[in-house]
């Protein structure tokens, strides 16, 4: 591929057009504002601008995420770390990036992050072993 | 399938013979004892009896798990909850069962468990959306 | 990494050299022509140019795909939508892009696409819940 | 394991106690009734009796599933088939069983089911090939 | 299985009726015979009896497996070990069992099997780490 | 996105700063030297420079990989091919690239590589079929 072609060739292509903030109106705009307010950021992440192409999916996903990620029996940082654990296991680059950043904003230190990934890597190995050996369930005494 | 056939037909077949505690000797026995002492349980779970069929794998996996799961920047319960998050995302039945039980022994309440699974289920959904829409990474302002 | 280095550094590296159309001959050329004719496109997608590095893999994969994706009890568009569902669940970027494009060429509307992803995201969440809770199979009455 | 032990040992252990219909009250009972009415079945599947252990998860998952699976731009059967595609790719036994049964109740024939699985199997193979060869995205002419 | 047994049991339910050998005729019977001859076994494994419910899927899968698993640049045992690696990574119980058994019949020793699983478990851990840290591709000097 | 924006926007963002060779000291430097010596390469791959941000993870992962990948009952090339099989099934780009390159350095020919991917692709398809049809385990006669 020529250098010129390469520069204009996205490495991967979004499958829909994002709704930019300036173009958002009505309920989409309200949700965009709620996202920025709730997450205390001053821009709308691409994930949400993409979901906005399908308003019911935006509405449903945001309401659910807002409720689920609010502090409860588990604090917000632990929840973001669980999100990193699931996203890393799935290998979802966008989600790994955004939730690692979010957990750090909530006080996850470098040491905590290192331990988090040690745990997640370990269990991706032991999960495979348990499945491969077809280990029978324990009968708890 | 007849009842008789069923009784002799394992639903799934372990691929190696487990080393039972009574049959363990030498280094394998020491590790079995260390497992019971460290985890404060009075039996050796099937996972470890299975790995014992390949002593280097038992040695390596146990030493690593013992180090990684010890409290550090993250406490033991949070680590077990991360193990549940990874195992649930992978759908590994044996691991889900043993780590859910372990997290509960360490004080995970029913409410914490419910929130844990809400987070994990949510991110298995949003991971798929981010991948499916090929969402571009955010340029942090 | 310097800017110059970055521009010449592929983000990811194909593991084999693709066979370009101009270089194709014999059976590979025939398959390339069949791909363009069957899919009604005027270029050979990179996937097929890559498989051509191993002709038996090209032959086998193309014959199978051609047979499987032909309209039958399910129409071609539904089949492409199922391909998007599987590829999105696996997070395979190349496949997501090409099959989303193919489904759109076959008439999948933006609304249909939104609903498709809602379903796929939902079941990636509920699959995790069913596995995590180790839900027992229903005994149908 | 003795034969007697085996007979009383669940092959896998649910991680929470299900809420049986007779024990359900208030909002949980209303949702149980809504599930039976909406799905036109006369029992509550184990998945929902399990989620009921965490009412917010039951409420949220059911409302979402009810909205997402209702006919829209895609009909109900196509949606169930997409659910089978995602669940099969994930290997979630409970979900595969319940959604295959649901799609059949909605008219999926044996032939349609065979074609569905052909498509899903094919794309699990080609997804792996595209990832393994690191195929570069096509530049659409 | 009796109705009574069914109500009190199945851990998981096959989604189609298998075609038993005695009931097979025509092309299905020929393929069944070819499977027994090629694999040098005297029964037809359940996988193939299940695929027989959809003859084109049986035909296509068997022809492909027969060609792909035949010795070539890689010997038959190495190919079965690769099958175990892929199946273990996916956690597919049926496939793990049958291919572990097949590799053993072809001479995989207990020591080789232990090393195989060590490698597979290791890379399930390092794959997660590479994804989680979003490691940039190396620029080979 | 403007060309200028694109050039400054990483396609994906590493979540930690790598430790460059020039900045490494003490145990990290020793491990870096061991990696170059053992793998007979004259640079430290990004994966290891990234893990170095968390020294215990670097130490543990390197010691384990060094032990596991050393020739034993299986030769080094077969082990690298198993690593490609697992990484391809997981779709981990970095790992696919580095282990495909490593297997080639150890003598994997283009033909062997083609057969490797045929096997891996085939079993990603049949794994899905076995799971989707919920094939019951064989009762070996």
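Each chain gets a letter, A, B, C, D, E and F, in the order it is written, and its residues are counted from 1.
In this section, a contact is a pair of C-beta atoms (placed from the backbone, for glycine too) under 8 Å apart; a residue touches a chain by one contact, two chains touch by 3 or more.
Computed from a predicted model, the values in this text were never measured in an experiment.
In summary, the chains found to touch both chain A and chain E are B, C, D, F.
Placing every chain at the mean of its C-alpha atoms, the farthest one from chain C is found to be B. Both chain C and chain D derive from one sequence, and where they touch, over half of the residue numbers involved are common to the two copies.
Relative to chain E, the chain whose mean Cα position lies farthest away is A.
If you average the Cα atoms of chain A and of chain C, the two centres end up 24 Å apart.
If each chain is reduced to the centroid of its CA atoms, chain B and chain C end up 33 Å from each other. Each of the following residues of chain A touches two or more other chains: 7, 11-13, 15-16, 56-57, 60-61, 64, 68, 89-93, 96-97, 100, 111, 114, 117-118, 120-122, 124-127, 129, 131-134, 136-137. Residues 12-16, 42-43, 45-47, 50-51, 57, 61, 64-65, 68-69, 72-74, 78-79, 81-83, 85-90, 92-95, 97-99, 101, 109, 111-112, 114-116, 118-120, 122-127, 129-138, 140-141 of chain B are the ones touching chain A in the complex. Interface residues of chain B, counted against chain E in their complex, comprise 1, 3, 6, 11-13, 15-16, 53-54, 56-57, 60-61, 90-92.
Within the complex formed with chain B, the chain E residues making contact are 1, 5, 9, 11, 91, 93, 96-97, 100, 110-111, 113-114, 117-118, 121. Chain C makes touch with chain E in their complex at residues 1, 5, 9-13, 56, 60, 64, 67-68, 137, 139.
Taken together, the chain A residues at the contact with chain E in this complex read 84, 88-89, 91, 93, 96-97, 100, 117, 120-122, 124-129, 131-134.
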